[in-house]
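This is the structure I want to talk about, given as structure tokens.
Chain lettering (A, B, C and D) follows the sequence in which the chains are written, and residue indices restart at 1 in each chain.
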Amino acid sequence: MDIAIIGASGYAGGDLMRLIALHPDTELTCATSRKLDGTLVSKDQPHLKGFVDINYTNPDVDKVDADVVFLAVPHTVAMQYAGSLHSRGIKTVDLSADYRLPQPIYEEIYGVSHTAYFEAPYGIPELHRDEVKGSIFVANPGCFPTGAILAAAPVADLARTIIYDSKTGVSGAGDTVSETTHYPNVADNINPYKWTQHRHLPEMQLEISRLGSQASVHFTPHLVPVTRGILTTAHIITERPVTTDEVRRRFEHMYRNEPFIRLQTPKLGHVRGTNFCDIAFEVEEGGRRIVAVSAIDNLMKGAAGQAVQNMNIICGLEETTGLLFPAATP
Amino acid sequence: MDIAIIGASGYAGGDLMRLIALHPDTELTCATSRKLDGTLVSKDQPHLKGFVDINYTNPDVDKVDADVVFLAVPHTVAMQYAGSLHSRGIKTVDLSADYRLPQPIYEEIYGVSHTAYFEAPYGIPELHRDEVKGSIFVANPGCFPTGAILAAAPVADLARTIIYDSKTGVSGAGDTVSETTHYPNVADNINPYKWTQHRHLPEMQLEISRLGSQASVHFTPHLVPVTRGILTTAHIITERPVTTDEVRRRFEHMYRNEPFIRLQTPKLGHVRGTNFCDIAFEVEEGGRRIVAVSAIDNLMKGAAGQAVQNMNIICGLEETTGLLFPAATP
Amino acid sequence: MDIAIIGASGYAGGDLMRLIALHPDTELTCATSRKLDGTLVSKDQPHLKGFVDINYTNPDVDKVDADVVFLAVPHTVAMQYAGSLHSRGIKTVDLSADYRLPQPIYEEIYGVSHTAYFEAPYGIPELHRDEVKGSIFVANPGCFPTGAILAAAPVADLARTIIYDSKTGVSGAGDTVSETTHYPNVADNINPYKWTQHRHLPEMQLEISRLGSQASVHFTPHLVPVTRGILTTAHIITERPVTTDEVRRRFEHMYRNEPFIRLQTPKLGHVRGTNFCDIAFEVEEGGRRIVAVSAIDNLMKGAAGQAVQNMNIICGLEETTGLLFPAATP
Amino acid sequence: MDIAIIGASGYAGGDLMRLIALHPDTELTCATSRKLDGTLVSKDQPHLKGFVDINYTNPDVDKVDADVVFLAVPHTVAMQYAGSLHSRGIKTVDLSADYRLPQPIYEEIYGVSHTAYFEAPYGIPELHRDEVKGSIFVANPGCFPTGAILAAAPVADLARTIIYDSKTGVSGAGDTVSETTHYPNVADNINPYKWTQHRHLPEMQLEISRLGSQASVHFTPHLVPVTRGILTTAHIITERPVTTDEVRRRFEHMYRNEPFIRLQTPKLGHVRGTNFCDIAFEVEEGGRRIVAVSAIDNLMKGAAGQAVQNMNIICGLEETTGLLFPAATP
């Protein structure tokens, strides 16, 4: 299958290209970058030397053609491409936020008008596999929501309050330099940001409520001195006392056939560079708080990896194709 | 004043020696270490070369004499010294856990019998200055409780539930090597531990209740790839909606005269090596969650710094003596 | 092919298992560990869950059977297995130091008697491919020598003096905890060690002289706050002035067909988890010093990756089988 | 004494303000910043809250008045102030490169014309104390040269070739964000730069030759994932075989009365935040190579600390005033 990546020069784009190179059924035929139009990809991303041998291009929206298109561009840019791709029936995985939320919520949270809205499945396959399967356009979830939702999903309906305290690696901020990502500001520090109102919160709230939960959902992210990975600690206050056995059964049941969920102590080093989400939990004495923790690679299960997983599904391939490899640990 | 440090070879001991060297009114006359008896201190801790020129010794408990004694030994070891020091009327700051909790709670949590119990003030001067002032023996608080309690104290009585999600640097684990502190296990990882029942939790619960709060208090610590510092994110679910103004007034009022509390964005780099505790908060829209965050240096305000602060108080010195210096940032 | 790994529980063992799991022609049938005999491998190395489903065993030396055996044990332990494997004609790649040096040099440097000496090719395929091809037993080079030798090989005969200043990640010290690898001792530090006489130096000297060089070779390693990777800066003082063009031609010529050598700016992040060695150089004005720098992953091209490369060669497989994948960068 | 800092908002400026706050004889009366004119210093540098209570200003060059002025501005900017300060007889320590080199070398290396040249002592007090003492304007050395020169000075005249392989923390690049300092580009990497021709090399060459050495001097810096500190490994090829004893005597003699030189294993953590330079050496078997290693804090002995040391000297104060405090280790 021919693959096009719109916005290939960023970190998610880089990991998409890595995965496409490893995938047995795909060939990268188009990698766009406005800024680097004409540059050899492997000159910009030297770790891909020998694996990606094309130049970045900057084609017109309507001329992008491929069997599958990945939109790895910022929100509001994705919607400029999506309409054309959708109407031309081209299979698309959109890594931006543009199709993750109902239009009114999207417009409120992102403060813009949506100029090409249509409904798309929210591409966490573990929760919405059937919807994704029947679609040609998938809204790939945010990195924080992926880890957060998967950590709490099996017990969401037991929760009164869910507080997500997330710790994210710096690659989540992208490859654009800023005060926030200046090494001396990050190293030896733990920096909370958007303490009460991060844009990813509505995705979490929506998905938790779709799981039949009445819980109020809260979220505070922290930037940590790590390059890749998100560890999310879900503090779940329950409506009634729960037991460890009961909770374990729920986790084991929900994820019993999931190829990318591993119920084991979450450690960023164990998922780095991979599409796995490792999850474990502990029930506080008395049964009124569950602490569930998930570890993902923000660029993989949190972006490019899940996008390829979604591509596999909408293309009728085995869902794990090109994605089953372990982390290089330590 | 002559100072003795029992258990000087650890990290807290090292910082105590650094502070004693900087303090205008103190002289270190005794630094004990069972393991390093006879060794020059600055051979073991070369950063103190030129500042500490004595050898470690290993004296009998009853022979330790000084104007002030710091106990920087593990729990259960401190109580072996405390009785003798107390009965001899020697001013003592105990950095261990042995006198922080009422005897029954201590014995349950630490799983040992207390062989020399007496009551001692809990040495967070910001909350118990008067008690400390009238004492000759102070129980220096745990590192996690210090940051956690100070973050929530001004609004504790408004809380229904307080969830402390703490991120601690590795020096909190001491200088003893272990799997936990092996570099490849720490770097690029965020490791939660004792997810629901850390020994420091009862100190937090006790202090929060002493503040007139009915809140249930929960605590999950995480080891982060940082050497010094604890950042504590206090997720405070309130009993009733609160406003930002109301919360601000409470913080400003409680800490208006506190020399070591700074109400500003908490960043580990701004408190590293110092006795400061930087605190800020944000009220979630709707007023039902306060996120209060504190940053301390776990070896300073979380151990040696606060111990010297307590020493200053019980010795009738200006409380800030020898402790007013800014961090070397970045 | 059935694969046995003797000493599978260490870091090199872990990466060998990762690579065997990815390799299309191999199956891991035996992973030994004295300490963890009977333990499920993926319980010890959870990142391999789903990829390695056997238990560690601890068989007698003579009972180890497989198509290929990897010896990932310390020096002096490898020789206990090597004789039996060699005499039984079992293809073997030895990651220890036991067969890298001529017997007298080995015995002097390692201070032990060699009890099962025979000659084995020094397995840097870029320099000794033909010798390796004709063998059933390969001495896999040390991590430092691999990066150091490859950096200078094309210009070794021009050199009067070669000073290798290497910077290694902490995984090179293995998974055994020590003061050296205690996080607070590593983070924010750069620690030189064995300033003038590291055991890997004779491998470098021998290989440089085999390249027809008269140069005196020196080596100082540094431990750096990085988990994986070795960056080696080769300061090469030349016998006569050289030009950039001349040096470039030599590098391009020697490595023109090498699948794992990439002549581009060396960056640890670009080789992490892979078998690549990235090399670049600069000639100082005047032409009397060449600075050549190489980057490898110490556990891959410096250990497990090169071992699999050697396995491919001695088994008559395409040399790159199972090893051609890019790094997950950043 | 009233102190003015021109260019106070950078990292060196920050450390200067920290030191001025700690110094018993100085008061900061002027801190300039073009960009932050009018802003409270402690709003920009919150770790100084409670220690620096003035606003940044942006005065005319000729209106800057104080007992001592520190120029903490980039090269070419310093010379705009220097002429006026010098002619008005105001004691000045210039942290820029503008007065470190003879005019022709300066103009060649920095590619600009010097518009206000005069001679100034090169402010490494350990080598030029008397010259500094008699001056009112001191050229504060570069961070790399300070550590490099001090490491080799005692044996410079024995050297045929000196290769400095330096590893610097990221704060050396300043507080301006860039690709170079973007966290994911630094973490887990060791990045050599300006492999053969860094601007600091001529300072090293000049000082080594002033020590009576004929050695050729070479320098390759590396950016390492550390915030503060420079570790310099000096590989010194000697003209004749030397002995360890001989070299030790030279180090001990040259630095016997130096308050900021400590002859002990250099470790960045032991000098962080301080003005110390820790140095050790090892002689290679055969006596033809000396490896001498120094550790400094690049912002302290490499910038602000040495600047205050120079200020103390030109003001007739005890040289160590305000600078004698140990590092907070770990």
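Criterion: a residue touches a chain if its C-beta (ideal position, glycine included) is under 8 Å from a C-beta of that chain, and two chains touch if they have at least 3 such contacts.
Which chain is which protein? Per UniProt: A, B, C, D = N-acetyl-gamma-glutamyl-phosphate reductase.
Source: prediction; values computed, not measured.
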Between the pairs A-D and B-D, the one where more C-beta pairs touch: B-D
Chain whose Cα centroid lies at the greatest distance from that of subunit D: A
Chain pair equivalent in interface to A-B, over half of contacts matched, among A-C, B-C or C-D: C-D
Centroid distance [mean C-alpha coordinates] between subunit D and subunit A, Å: 46
Gap in Å, rounded to a whole number, between the CA centres of subunit D and subunit B: 36
Contacts with two or more other chains, residues of subunit A listed in rising order: 11, 171, 175, 184, 187-188, 225-228, 267, 269, 272, 330
For the subunit A and subunit C complex, residues of the former touching the latter: 11, 14-15, 18, 21-22, 45-51, 171, 175, 187-188, 227-228, 259, 262, 264-265, 267, 269-273, 278, 297, 299-300, 324-330
Of all residues in subunit D, those that touch subunit C in their complex: 161, 163, 165, 167, 169, 184-185, 188-192, 195-197, 216, 218, 220, 222, 224-229, 231, 233, 235, 237, 267-269, 272, 282-285, 288-289, 291, 293, 330
In the complex, subunit D residues that touch subunit A: 11, 170-171, 175, 177-179, 181-184, 186-188, 225-227
